[in-house]
Amino acid sequence: MSEFIDLAPEVAEAFASGAPVVALESTIISHGMPYPQNLETAQAVEQDVRDNGAIPATIAVIGGRCKIGLSPDELEYFAKGTDILKLSRRDIPYAIAKKCDGATTVSATMILAEKAGISIFATGGIGGVHRELATSFDISADLTELGKTSVAVVCAGAKAILDIPMTLEHLETLGVPVIAYGTDEFPAFYTVKSGQKAPLRLDSPEQIADFLSAKWDFGLEGGVVIGNPPPADKALALEAIEHAIDSALVEAKGLNIHGREVTPFLLQRVTQHTKGKSLEANIALVRNNARLAAQIAVARAK
Amino acid sequence: MSEFIDLAPEVAEAFASGAPVVALESTIISHGMPYPQNLETAQAVEQDVRDNGAIPATIAVIGGRCKIGLSPDELEYFAKGTDILKLSRRDIPYAIAKKCDGATTVSATMILAEKAGISIFATGGIGGVHRELATSFDISADLTELGKTSVAVVCAGAKAILDIPMTLEHLETLGVPVIAYGTDEFPAFYTVKSGQKAPLRLDSPEQIADFLSAKWDFGLEGGVVIGNPPPADKALALEAIEHAIDSALVEAKGLNIHGREVTPFLLQRVTQHTKGKSLEANIALVRNNARLAAQIAVARAK
Amino acid sequence: MSEFIDLAPEVAEAFASGAPVVALESTIISHGMPYPQNLETAQAVEQDVRDNGAIPATIAVIGGRCKIGLSPDELEYFAKGTDILKLSRRDIPYAIAKKCDGATTVSATMILAEKAGISIFATGGIGGVHRELATSFDISADLTELGKTSVAVVCAGAKAILDIPMTLEHLETLGVPVIAYGTDEFPAFYTVKSGQKAPLRLDSPEQIADFLSAKWDFGLEGGVVIGNPPPADKALALEAIEHAIDSALVEAKGLNIHGREVTPFLLQRVTQHTKGKSLEANIALVRNNARLAAQIAVARAK
């Protein structure tokens, strides 16, 4: 194990015994949800992984050390923390050298999971290509990471405020497999549908485990996107989300909001339009992804 | 050799004796031409490679096994097949895990060739950056593959329906050498000219072999594009092709065809405008590329 | 050491004794400045590196050999040379195979520095995303190289004629750390300010050395951009440069100059507007970068 990494005792035991492990990110705790829902969700997600037969490893940087697995106290610290950096690939050396605390985004969690030897990672949604690409050129580093880091990311797709067709095009360009789980359509975070067919469909954790083995055993390095639709009873309707985004885009134009200012504006407007429901959906989909990730990790450990 | 790969007996012998081998793709057989022209062309192309002193290795996936070299029966099976997947990088693990039959595109053929140890590959044309980039963000995975997989692709350039200047810019961004063979201009598939100067020019198979040795022996990984102009007597005129594309672009706008729908529409219109002649040109240029690829492989084996 | 590389005696000695070495590029000599200012600057820059405790290694290709460190005569040859190729990644094998002389751009210098084992490189400015991206798709290969080659590039930012916000977005997408030295804002070559906040800020050569050690020791491959503001007394004013660029963009539209023709046109107009001063600023900032690079190399060698 790298000298920069600390394994939680439970994760070290799992590695020693060959038990399945699922990586979890920490940005959703520190930056993605309000307290105390963030702590409750982080705890519930870890329990969901356990209930499905795997060991959870929430990943973060504390005092410059890369932590694979957090203690209950550390989880609480991140849930209450206000001075926690948000780390993507480029920021990891800064947090290490400056001995900072940092929450890992999708890209940074993938990197630390791979370095620790964990190949399955559950999160809410991945980043993607932003709307107004031609004027902002804003493309999430998550996609670049998926092109080269060998971790499967179980998510509810990419957020609807992104340009989903362009995000799928870019994943194709980068050679990243995109699998819809048990459905033909790529999900769009809060919604079961996105209007976009997924390039591949698989219908059981075992099929996904076989796919991952074929990919990595053959030496085809890089990540895999597993799009898991949000639970139907908590999911929002595509039309409502699309309507909120379309009105926000018109409003943005009127307010002269351009380029990289557009995404946070859209995010804020969608949250306003869906508030109570969007947080509830977010919690439900993250837990749903953790369950599937654990099932895939169990199938792969067989 | 990887456990996922089956070498045809002739290819295994060539490897054992150090004889030159040329990789050939299978998508052109299963999806690129009508029967029986596809079978006749595939057979002729293999013979062209032999006639120039190398061993052909047509690449495909059959029943989940990666085949390096097809038997005459397998070639016929692909030429007649209707249920054959089209595989790019991201689809290879799916075909392996599901034990499917799949034809390999340029990107997938490069990968399997590299894994088998073949460094020269002949095809018709590579993919590229699509017109309407700003609204579709559609860039072929072939270009990404050329940025990292160490195989030289002998082709007649990129198809004219693509945005050729942007394709050349992107190859420059990715650090991929683009060589015009015996000419200053990058060819445009059906046409000898594209209106674009090639970044590099070399004039003999030996010069190209020396270039490839310098690149790979020095550890500069990644592919090389070798643009071989189509035979003059079968090539089409640039003006005619450009005219067909320009009218089709106007027509597409009138029909409200946008983003990723544009490329298949352009392809269909160009084929309609040039039909008999375009198939004839296609066959002639693939054979022409196979001959040059064999000559380069022979020069490299010296 | 690779069979393609010749180390200058002084550089070989530095490697043997563990002394710090700074790589320098040669395109600025052969293509970036007029004679004799180019020779005087190249000599002064080497002296600046020495005065700060490190050994300079100006990098170029001569007669197909990759030279790490040039003799005084070789430096003069490049300063006076008229038949010297400009080499980026894709051109290196051509220069080797054809036994040409070539000056190395940022991307090629990074590659040769990494192959020789040098991790700190001083230059003027890096390439980036060009204005009119949507119509030209012109993105410098320097950015791609920064995404994968483990060399820190000390520069005064990217040139103002580029699209600086898009350049910063693309570096984020590629996972490349961008550090401003002793300031919050990313510099813009001739100007201390660019209007863009840098993603990271560090305030001493030791802090930068610690950052680089954390990155590379942890196995996070790829380059780092260190933006060093030009010396205040020689820097130009952002408003003046922006004004020159804005007028030139209007002029370009009037002259029907599009796509990849825009950048050389802008460069020419900015030079006309600032002539004496821009060359003076260029010399001052390159020397300033060489000093900082030497200090970082010294801090890393401790």
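Think of it as A, B and C in the order they're written, each chain with its own count starting at 1.
Just so we're on the same page, a residue touches a chain if its C-beta (ideal position, glycine included) is under 8 Å from a C-beta of that chain, and two chains touch if they have at least 3 such contacts.
Here's who's who by UniProt: A, B, C = Pseudouridine-5'-phosphate glycosidase.
What you see is a predicted model; the values in this text were computed from it and never measured.
Enquirer: Roughly how far apart in rotation are subunit A and subunit B when fitted on CA atoms, stated in degrees to the nearest 5?
Expert: To bring subunit A onto subunit B, one rotates by 120 degrees.
Enquirer: Shared numbers divided by all numbers used: is that above or below half for subunit B and subunit C, i.e. same or different?
Expert: Different-residue interface.
Enquirer: Based only on mean CA positions, could you tell me how far subunit B sits from subunit C in angstrom?
Expert: Inter-chain centre distance comes to 36 Å.
Enquirer: Using the touch rule from the top of the page, what residues of subunit B touch 2 or more other chains?
Expert: 134
Enquirer: For a test of understanding, state which residues of subunit C touch subunit B in their complex under the given definition.
Expert: Listed in rising order, the residues of subunit C that touch subunit B are 2-4, 88-94, 96-97, 107, 111, 115, 134-141, 143-145, 259-260.
Enquirer: Hey, which residues of subunit B end up touching subunit C in the complex?
Expert: Where subunit B meets subunit C, its residues are 129, 133-134, 147, 163, 165-166, 169-178, 199-200, 207, 210-215, 217-220.
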